[in-house]
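All remarks here apply to the structure that follows.
Labels for the chains are A, B, C and D, by order of writing; each one numbers its residues from 1.
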Amino acid sequence: MKTIGIITPGGDAPGMNAAIRAVVRIAHSRNCKILGFEKGWYGLLTESKKHLTPRAVGGIVQSGGTMLHTLRCLPFKTKEGIEKAANTLKSNNIEALIVIGGDGSFRGATELGTKSGIQMIGIPATIDNDVFGTDETIGFDTAANTAIGAIDKIRDTAISHERIFVVEVMGRKRGFLALHVGIGVGAEVILIPEQGYDIKKIVQVLNTNSKKGKQTAIIVAAEGVGDTGELAKEIAKHTGSEVRLSILGYAQRGGSPSGRSRLLASLFAEKAVDLMCNAQGNYIVGLTNGKIASIPMNQSIGAQKSIDPNMIQLAKQLSI
Amino acid sequence: MKTIGIITPGGDAPGMNAAIRAVVRIAHSRNCKILGFEKGWYGLLTESKKHLTPRAVGGIVQSGGTMLHTLRCLPFKTKEGIEKAANTLKSNNIEALIVIGGDGSFRGATELGTKSGIQMIGIPATIDNDVFGTDETIGFDTAANTAIGAIDKIRDTAISHERIFVVEVMGRKRGFLALHVGIGVGAEVILIPEQGYDIKKIVQVLNTNSKKGKQTAIIVAAEGVGDTGELAKEIAKHTGSEVRLSILGYAQRGGSPSGRSRLLASLFAEKAVDLMCNAQGNYIVGLTNGKIASIPMNQSIGAQKSIDPNMIQLAKQLSI
Amino acid sequence: MKTIGIITPGGDAPGMNAAIRAVVRIAHSRNCKILGFEKGWYGLLTESKKHLTPRAVGGIVQSGGTMLHTLRCLPFKTKEGIEKAANTLKSNNIEALIVIGGDGSFRGATELGTKSGIQMIGIPATIDNDVFGTDETIGFDTAANTAIGAIDKIRDTAISHERIFVVEVMGRKRGFLALHVGIGVGAEVILIPEQGYDIKKIVQVLNTNSKKGKQTAIIVAAEGVGDTGELAKEIAKHTGSEVRLSILGYAQRGGSPSGRSRLLASLFAEKAVDLMCNAQGNYIVGLTNGKIASIPMNQSIGAQKSIDPNMIQLAKQLSI
Amino acid sequence: MKTIGIITPGGDAPGMNAAIRAVVRIAHSRNCKILGFEKGWYGLLTESKKHLTPRAVGGIVQSGGTMLHTLRCLPFKTKEGIEKAANTLKSNNIEALIVIGGDGSFRGATELGTKSGIQMIGIPATIDNDVFGTDETIGFDTAANTAIGAIDKIRDTAISHERIFVVEVMGRKRGFLALHVGIGVGAEVILIPEQGYDIKKIVQVLNTNSKKGKQTAIIVAAEGVGDTGELAKEIAKHTGSEVRLSILGYAQRGGSPSGRSRLLASLFAEKAVDLMCNAQGNYIVGLTNGKIASIPMNQSIGAQKSIDPNMIQLAKQLSI
């Protein structure tokens, strides 16, 4: 019987629990013992762990967050930290570690894999959808639905008051969420970190809309585009309209996962266990061209996923 | 046949449309003609109005915002503005004006009633629940559910990361929403404008909890308590923990009304039409001791509704 | 230190967990030890119990169902069953038992109280809202919102297809839920067990609406009115329209409690602990005239709560 | 300037309005005039139509149902009906007709295209996801989330009462929805029309679970598997357990579309307008291997989409 480890070392995302459940149950049916390390990398430094049976992961498919908890762990990022973590894996006879998280988690895993020689398998789970090697990450669909639901409510007030709203969605570096949400709510303007923005062009869109009789506007901005409070003030100054700011914040990170996030979690988990059983190096699983696939982990962390420029064009056409 | 006017001159709240629908249909069945004035007081200055038939208000019971729109209208607050509004009412043969909104709307209505001699009936609708003369306003229950739903999601992340969250809910002057929401989510600390706060006491609660093994905390703060960003920083400094801030924002104001907000809207509307038919001075309708009731409008605007101190005590007992 | 028991012996309702949590924490702060009996009366027969500390009830305020579980327990209803249950209470030094449930649960509690001489305090929790002595039960508001949310969706299809829908909501004997939900969704017809119905009158309403250009109709029927499938067929026959049936079913019983159900749970729990500390006979707590109150348990089980006839009239006026 | 028609002739699905909006706005930007035919094929027989401008489709991206309405139209299925419809298209100078719906709608469109010689473009929208030529239809993701949300609630009661629930989801002929939903909720058994079922095997799964300490079970059954009421009785008889039935019904067809359904609607619309501009025969658009694509309409209606057998296996592994 093989022993495998599982860990969620980065920010939480809805569907992580569904992924943990699926890994545990599928691996169990293939005769593996599963150890869950708690509080992320910190659990490897402190040997905070628990044996995960199929029963132990019952009733979590629908819950947000991560039952394994997570913690920012600066000591892990030192040479001594990595060594200690590697030793924990070895002393527990871990033959493979399944790492559920985003780019940062996979960077840590790569270092740990190099140090320990133990196989690392990554399952991409982050609401930012910014992992190279998969078209979609666990949690992205849920976060998009949460943000869209909130903005649908905001639009009620926007229309009632004929106001302009700047709505900041999560995404420090990447605009996948903002773009998806912006199209979903029919945003008049979508701002993403990959593009920057020109205040004059925004004002021009708003003025053109105003002439067409459309006084209300929703501007969806990823947090990475800069100070949205300043942006709102600038727009107010240039249009003479009342502009309000709403920062959707952490609610986007939690909540019960959508059907799609749960399904993706289950499919990714199955693939991860397959790869683990075949023991061929370090990989991340993912969705590519509509199919479950995998790419080497170092390819994933070394590359940047690109935004589909057609989506940006489409968003503009839809909000006329 | 009597002609009555209806108007939503303040901020929008979920259930306003249900109230408009109910007023129109009930008044229609009592042989009244109903004119809706659009964009709040501004509609009285510009005679922006529409005839509202029972058919015209179909399909809106479940929608957020206000179909009559609303606008901040500074000119109304001048002597000339009030006069113009009074003239509009007279030239349209309005015998009574039903005003759906909060305290500010009722102040405007009182001035307009004095000037015009036309009967004013107020239907309290605001998510702040800060209208004297009613235990609950239309929209309050919906906003509370929206905020609670968002904080339930935030708690997923709070627990996963064992973090402290400061969550700002609406309420510039009053803490009804914060208190209700805080009890609903099981907040460890609730801060309301009526009380102010002592950072030392907050830290003491958090430290006591921490010793009991409760690392996560949700602090629900009404926006009126001060700068919540500063508060979060102060708490981080004094506890040594990571603290995150989330400002729930405008989503609390919109969305499909809850069953209770829809019911309250319908019951308030019925009472408003009753009062209007009896034509006895200016009143606001409300919920008092579990029954639909009314008080003179000038009593409502002249007094301040008090927070139930037992609720504050209860909240503390529940979060141990 | 006093020992008190807590039990949920009937059907579950959203907010029961919030009530358990509140009882445990408030009673703890008054120096009581709390034993939870599991699976309803069955737990008293088998001594299935657990000690409930304030920590043990953390993280449940937002969860549906009952953490104490419940079970239909026929043996309890025998003389031997009641005796065994009474003995369990005595051997565990239970000084008072807090019973969370509906009318049936309070009947059982009354028998058990008589047999054992131990104080029984009832907290009304049922989605049916059919407990005499309280204007509202825990879970009712949540169930109403769930049903309203579902019917809002059904109306999309009803309008798109210009169809008539019969929607059956829970309520075998009483129509509180159907009436509240019917007003909330703007139902064209509401059928409750207290009234029976005349198919001709329903058809007349639908035909009148049809002449006014309103082809779509929602008929909300409590399950207790009879065979809704037959009803739908009858309406189809008499109107010549397509009629669809939807039985909302068990989803109404579960889910995260609304803010109001959580608050009511907390306030009821506080009152229950107060009564328990004063040890004055058997009571149920409740909401009366907007205030938390109590009445003797035998008064509650001996009487029937009445439907407000004004609400029925109002519903008719609103759906013209 | 080209004139194109748009129609929703089958059952409604969430996201149809988002698709109508997207078609209208994208086609407008390519200098087309758009006529919407109302009430499905019936609108072609009666020339019930309206000119759709970009403004006319504002504020509908988030709404369920179809703003164009739909109606079962038996006369269309006659030779005379098709001829009349073809004449309507010609007399209105329609150069292409965009048909939003499922398999049945595309069969009608194919006949109409043959008769009229006018280009037909199909946009697949049905909650059943049973259109050959696309991996996903508009509305499927929304319906899955609605069903999953309802079953998450039902599971609260299932767990509280340790009961078995049979939950019937939509799907008369195909099991895509049942399978997706079943995996999403972690169903113990999933029954789809493509497979039939053996009551002995179901009972065996339930008994095995029971021995593992899992008394609760959710059986998700597509409506097409047969009489679910009978099934529930059979299971009760063979297991000796209490079994409850819940038929989710029409709520699955309505409601605000999910982000994914809105995005799919927008992308499909863009492709449909592209195909229409190129005027190359009759096609349906779709999602294939993660990309927006198209296949000839007669290929789509002549073939049956297959269920992924791996998904069925996965569901079994996940529910141990």
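Note that in this section a contact is a pair of C-beta atoms (placed from the backbone, for glycine too) under 8 Å apart; a residue touches a chain by one contact, two chains touch by 3 or more.
As the structure is a prediction and not an experimental result, all values here were calculated from the model.
Greatest centre-to-centre distance from chain C is found for A, with centres as Cα means. Centres computed as Cα averages put chain A at a distance of 35 Å from chain B.
Taking each chain's centre as the mean of its C-alpha atoms, chain A lies 39 Å from chain C.
Chain B and chain C have centres, each the mean of its CA atoms, that are 28 Å apart. Residue positions 152, 155, 159 of chain A are each in touch with at least two other chains.
Shown here, the protein chains touch around one cycle, each chain meeting exactly two partners. Chain C makes touch with chain D in their complex at residues 8, 11-12, 14, 39, 63-66, 69-72, 146, 150-157, 159-162, 165, 242, 244-255. Listed in rising order, the residues of chain A touching chain D in the complex are 21-22, 25-26, 28-29, 54-55, 58-59, 61-62, 135, 141, 144-145, 148-149, 152, 155, 159, 180-181, 183-186, 212-214, 256, 258-260, 262-263, 266-267, 270, 287-291, 314, 317-320.
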